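Take a look at the structures listed below.
In the two assemblies presented below, chain A is common to both, partnered first by chain B and then by chain C.
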Partner chain A sequence: MLTITDLAVKFPSRFGDFTAIEDVDMTIAPGEIHGLVGESGAGKSTVGAAVIGLLQTPGYIAGGTLTLGDTDLRDLSDGQAHAIRGDRISMIFQDPQTSLNPLMTIEDQLVETIQAHSDVSHAAALKRAVDLLEDIGIENAAARIKSYPHQFSGGMRQRVVIALAICTDPELIIADEPTTALDVAVQSQVLDLIRRLARDRKIAFMLITHDIGVIAQVADRVTVMRHGKVMETGETAQVLGAPRHPYTRALMDAVPPLDRRIDRFRVPQEADTGPITQDNAAEAWLLEGIEQDPIGLSLSNLCVRFPGTRTSLWRKPDPYVALHDISFDIRPASIMGLVGESGSGKSTLAKAITGLVTPSSGTMTLGDDTLPGGKSRSRHHPSRQLIQMVFQDPYSSLNSRQTIGAILAEPLWFYGFTPDPSDRRRLAASMLELVGMAPDAIDKYPHQFSGGQRQRIAVARTLLARPRFLICDEPTSALDVSIQAEILNLLKDLQAKFGLTILFISHNLAVVRQMADDTAVLRNGRIEEIGSTEALYANPQADYTRTLLSLTPVMPISWQAPTG
Partner chain B sequence: MIAFLKRYEGLWLFVHSPAAMIAALVAALILIGAVFAPWIALVNPYDLASFSLFDGLLPPAWEDGANPKYLLGTDDQGRDMISSILYGARLSLVIGIAALTIAAVLGVGLGLAAGYYGGRFDAIIMRIADVQLALPAILTALLIDGIARGILPAAIQQDLRVAVLTLAIALSLWVNFARTARASTFVQMKKEYVQAAIMMGQRPSRVMFVHILPNILGPLLVIMTVDLASAILLEATLSFLGIGLPADSPSLGTLIRIGMQFLLSGEWWILWIPTLFLVALVVSINILGDFLRDVFNPRLR
Partner chain C sequence: MAYFILKRLIQSVFVMLAVAFLAFSLFRFVGDPISQMTGVETSVEDQERLRDELGLNDPFVYQFARFTGDLLQGDFGFSYRTRQPVAEMIATRIPATLELGVVALIISLVVGIPTGVYTALRPRGIATQAILMTTLVGVSIPTFVIGIMLIFIFGVQLGWLPTFGRGGTVQIGGWESSLFTIEGWRALLLPAITLGVYQLTLTMRLVRAEMMEVMRSDYIRFGMARGVPMRRLHYKHALANTMVPVITIIGLQFGGVIAFSIVTESVFQWPGMGLLFLESIRFVDIPVMGVYLVVIAFFFVLVNLIVDLLYVAIDPRLRVSDVT
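== the complex of A and B ==
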């Protein structure tokens, strides 16, 4: 039905045309879910935008054909293209928070869309809207339709977005990362809905995602893209199960499996990540600085409350409980995994340990010493050096106005390790080598590096504080899978070499399984389950853990890379 | 060449924006003229001995009855218009830049601290700023001027005119800086590099000035150019109203006030030439400010 041949999209710039995608061929049949997978910058979204005619200016289609049924999509006037959008092609966006108009009720948005595309009365449009909402799983739709978007939860909102997309009976829906902003439980509901719509209504889906697990779960056929070109296309089982292209193979290798633990990810050696050299000065410096044994952390009855929203001028507002009665021990030189959905309090816990948030009760003990919480921890407390943190977003964790050298020298200077600036520079350069970067990066600025490289620099900075306890807060969730594999390997190596104790926070159960010795499952600020990782994944005790595990998209065993 | 321009994106935009180039040229000419006024100008308008009443009210060189020595004519005192304008611009720029510097230091410092500490400190600073915003700039200046006249002995009042004027202008401009600095600081405080610095236990002053300040300089620079134009205009307004600088040390505003008396008497140049000069100065600074805003905001390109 949708046929794309030789599609090329270019973006003119001052320095010549930039080719975003070229030689893209693809066909999608009615009722087919066609996965479009690739890492960032692969040009997935550009394909979708070209089909629906919403390329970002000044991008233009430089060649190829695009046909939907018997309509040539390149041949349309602006008016005709506008009529086709919504009527025959719809779009589902990534973030349900921003793709609905917050000032209009769901009723207004649905009725407006239906009436814009077919000549029906308001009452008929409303009836259709209510039926549609019932059909996609919103209970009591006749009453709920009067609500505003903010009165729905994230998953419900994404259902409303889907309702908006299908209310005009389109032939093709382009879904651009439709579940990326959602928690696993909600994600699986949305994916079920997409599958049902494709089956029952014969709607074709172009499912754009970076998540191979999602593709494996719902897509009939899949196209793998890289650098604007199609690497491989075919039946999902064939492409993922028996990939022909080495890139697909590498991509599959980098996906952490949920059902077993592998020691190292296989990553293709990139040019800029040479092997860690022997006799590294930074390594010697780190090892020599280890005067004390690996350090453990124990939390007992830790509570964090935030002031709630005031509902009355006279009453004190009820506090919002972010963490409730958290107690666990992290053994010295072990990795504790912390999993939970968004809002479960994972990051709050990290902030409480680092002293950015003041706990309202409970105690923290680092090694043998009590760790004062929040504001009562002085600026010169030893824990400020012993505890370091790797942040989630490598684009904001490095000061963009400082050179890499200045960023790396800061902990050395601040903790008074090396008074001499040239020593600091030398040590910073060899630390870059230790984390797998070229030492000449030292005079560059953060924006000259990719996300994965920045994350390596961030790791280097934490190591230069000679930490004994590392908190990694979603260190790879902003990165592509192949980069994620590299960073996870790096963290494992460093942990083993220097006997670091790590608290590894992630929403991704598969990643935690690869990293952690013990795992704690957090939900709504309470610990649901805690235990050794192997036992917890093999035999989960709490219902919540079981649900989480069963909803995480997995690939059939036979598709996975052989253990190695 | 391309690599060079890619690196200096702002320069590329500059050479491709005729408006910005003309504005920069005009502003640079005025600045040079103002700085070198004592060497360029024909007469010193502050020195009563250097001009003569007999040369009064001469029209510009292209009109009948002009003295070619005075290219743009003279005013009623016999002062050469070009000289008066150059000296006036010098005074206006000095007051404008000094006021701007005070406003920027005060505003950015308070704004940074408000954004960093938040809570009660932030609330107090921002309420003061709100009160300041509720008073029109001219009213603030009049107030300071009135207080200065009330408490300062008459003898030194004359000498402190420039200082009082500068302070008055600075006090009405700092709010812009404070609000922008605070808002940008709030954004930076959420960034993880700031959290990392706080976590390490770095001094608040270091976090504010070494980490946050360089990252919020962009919008502040834009405000600086736009506010320089406001400061010059404000000075001109105050002098025009007669509470700024006296007639014997004229700034641009004073010159325009003097010219007002000749608006309908046929000696048009005494009013119009300083006015057009002021307009050219303010417009070119504003165009440069707009240009800077585009450079710092990639989305507007």
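== the complex of A and C ==
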């Protein structure tokens, strides 16, 4: 039904045209869910945008054919193309937080869409909208349709987005990362909904995603893209079960499995970065700095409360309990995994340990010393150097106005390790080598590096503080799977070499399984379950852990790479 | 909601108190009021007696409390220059300044918002480039030069419009208005344009920048993807979202327009508060200056309060109480 042949999209620039995608062939039949998978920059979204005619300016279709049924999509005037959008092709965006107009009610947005494509009265359109919302799983839709988007939770909002996309009965829906911003439980509901719509309404889906697990779960057929070209296409079972193209194989190897632990990820590009040199100055410096044995952290009855929103003039607002009675120990030189959905208090816990948030009660003990909480921890408290943090987003965690050299020298200067600037520079350069970067990066600026390289720089910066305890807050969730595999390998190596104790925070259960010795499951600020990672994954005790594990999309065992 | 308004009102009271304190300080620190009021032939004994009668020997705090209390009761004191009550002087001048300011604001909105939207929707058009260039010239020229140029062209060369004063005014209650006669409007036009040009450029550029930002947002792209008519996307979805931040700036600017109409009023000899303020400065008429300060601050506070309320009216996310 949708047929794409030889599609090429170009973006003109000062240095000639940049080819975003070329030679893309694809067909999608009614009721088919067609997965489009690849890493960032592969051109997946460009394919979707070209089909729906919403390429970012100044991009243009340079060649190939696009047909939907009997209609040649390239042969439409602007007006005709706009009439087809919504009517025959629609789209679901990644982030339900931003894809609804915040100033209009759900009713207004649904009714205007229905009325844009069929000549019905407001009352008839409203009735259709309410029926649709009920059908899609929003209870009490007749009342809730009067609400504004911010009054819905993330998962409900994505349902509203889906309702908006299907309210005009389109033949094809382009779903661009529809579940990436959602928690696993909500993700599985949304995926179920997509599957049901494809089956019952014969809607064809182009499911654009970087998550192979999602593809394995719902896609009938799959196309793998890289650098703007199609690598491989076919039935999902065939492509993922017996990949013909080495890139597909590599992509699948990089996906951390949920059901077992592998020691290292196989990363094809790893040879390029070169082995860590034997007599590295930074390594020697770090090892010499280890005066004390690995230290553990223990939390007991830690609570964090935030003031709630004031609803009444006279009554004190009820506090919001972010963390409730958290107690656990992180053994010296071990990795503690911390998993939970958004809002479960993972990041608040990290902030409490680093002293950015003041706990309302409870104690934290690092090694033998009690950590003062929040503001009562002085600027020069030794824990400020011993505890370091790796942040989620490497794009905002490095100062874009400083050179890499300046960024890396700062901890050395701040903690008074090396008074001499040239020593600092030498040490920073060899630290870059230690984390697998070329030493000449030292004079460059952060924007000259990719996300994975930046995360390596961020790791180098934390190491230059000679930490004994690292907090990694979702260190790889902004990265592609192959880059994620590299960073995880790096963290494992460094942890083993320098005896670091790590608190590894992630919403991705598979990643935590690969990294952590022990795992704690957090939900609504409470610990649901805690134990050794192997035991917890093999035999989860809490219902919540079992649910999380069962909802995480995985590939069938038979498709997975042999243990290596 | 009630809590929000009350919080704002309490903040406003503190702002007004701070301004009243500044106004009061004028009396204390800009020279000795007695030597301003009396001539050289007044004896030192008489000066001392006057000082005592006026309560200037009382403690500072007591004087400030009396000053604030008088202000609250509408007793603004007497002008050194004209010996008239200040309240009366200001009251006769307020209508002129307010009418000038409001008309200037309306001109800037009526022209600025549509051109802002137009230039945002056609960012590469020739008309857009032309508008952007002209308005750039508009901001770079100081207000008084624009005023003098307008006077020269429309008043002197073409002789179409009067160049000074308010023209025909009509007395409505205590309000002397120039909005009800042709002559009044003719006189109002040039100063209002002069005063509104800067505001207009600012509004236009702000609307343009915000609108372009909004047009790139996901919900507009999603609107396009589901075939919502472009006209509706532009003027309902995008414009409403554009106005949320724009309103704040427009509100702040309106306070500024009222306060800084001094230059325009002086160029066109417009008998408003600005002109009164200038005359008062020349004669070191401290009571008028102090009250002017308080009145302008009151306008600022009032406009900001209205802006905050508008904000809540436009953006449902700020109506905290109805979140379920």
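In the analysis below, the second predicted complex is superposed on the first by the 561 of 564 C-alpha atoms of A that agree within 3 Å, B and C clash if a C-alpha of one lies under 4 Å from a C-alpha of the other, contacts with A are read in each partner's own complex, and residues count from 1 in each chain.
Everything that follows uses one rule, which is that a residue touches a chain if its C-beta (ideal position, glycine included) is under 8 Å from a C-beta of that chain, and two chains touch if they have at least 3 such contacts.
The model shown is predicted, which means the values in this text are computed figures rather than measured ones.
Enquirer: Which partner chains sit in contact with A:265 here, chain B, chain C, both or neither? Use first/second/both/neither.
Expert: A:265: touches no partner chain.
Enquirer: Just chain B (first), just chain C (second), both, or neither: which does A:504 touch?
Expert: Neither partner.
Enquirer: Could you say whether A:91 touches chain B, chain C, both of them, or neither, answering first, second, both or neither?
Expert: Only chain C; A:91 stays clear of chain B.
Enquirer: Have a look at where A:285 lands relative to chain B and chain C in the superposition and call it first, second, both or neither.
Expert: Touch partners of A:285: none, neither chain B nor chain C.
Enquirer: Tell me which of chain B and chain C touches more residues of chain A.
Expert: Ranking chain B and chain C by residues of chain A touched puts C first.
Enquirer: Is A:99 contacted by the first partner chain B, the second partner chain C, both or neither?
Expert: So A:99 only meets chain C here.
Enquirer: In the complex of these two chains, what residues of chain B are touching chain A?
Expert: Spelled out, the residues of chain B in touch with chain A are 2, 5-6, 12, 191-193, 195-196, 198-203, 211, 214-215.
Enquirer: Flag every residue of chain A that touches chain C in the complex, lowest number first.
Expert: 52, 54, 82-87, 89-91, 93, 95, 98-104, 112-113, 116-117, 147-148, 150-151, 161, 164-165, 167-168, 174, 309-313
Enquirer: Which of the residues in chain C end up touching chain A in this complex?
Expert: The contact residues of chain C facing chain A are 2-3, 6, 217-219, 221-230, 232, 236-237, 240-241, 244, 314-317, 320-321, 323-324.
Enquirer: Along chain A, where are the residues that touch chain B in the complex?
Expert: Per the stated touch rule, the residues are 14-15, 354-356, 378-381, 384-385, 387-389, 391-393, 396-402, 410-411, 414, 461, 465.
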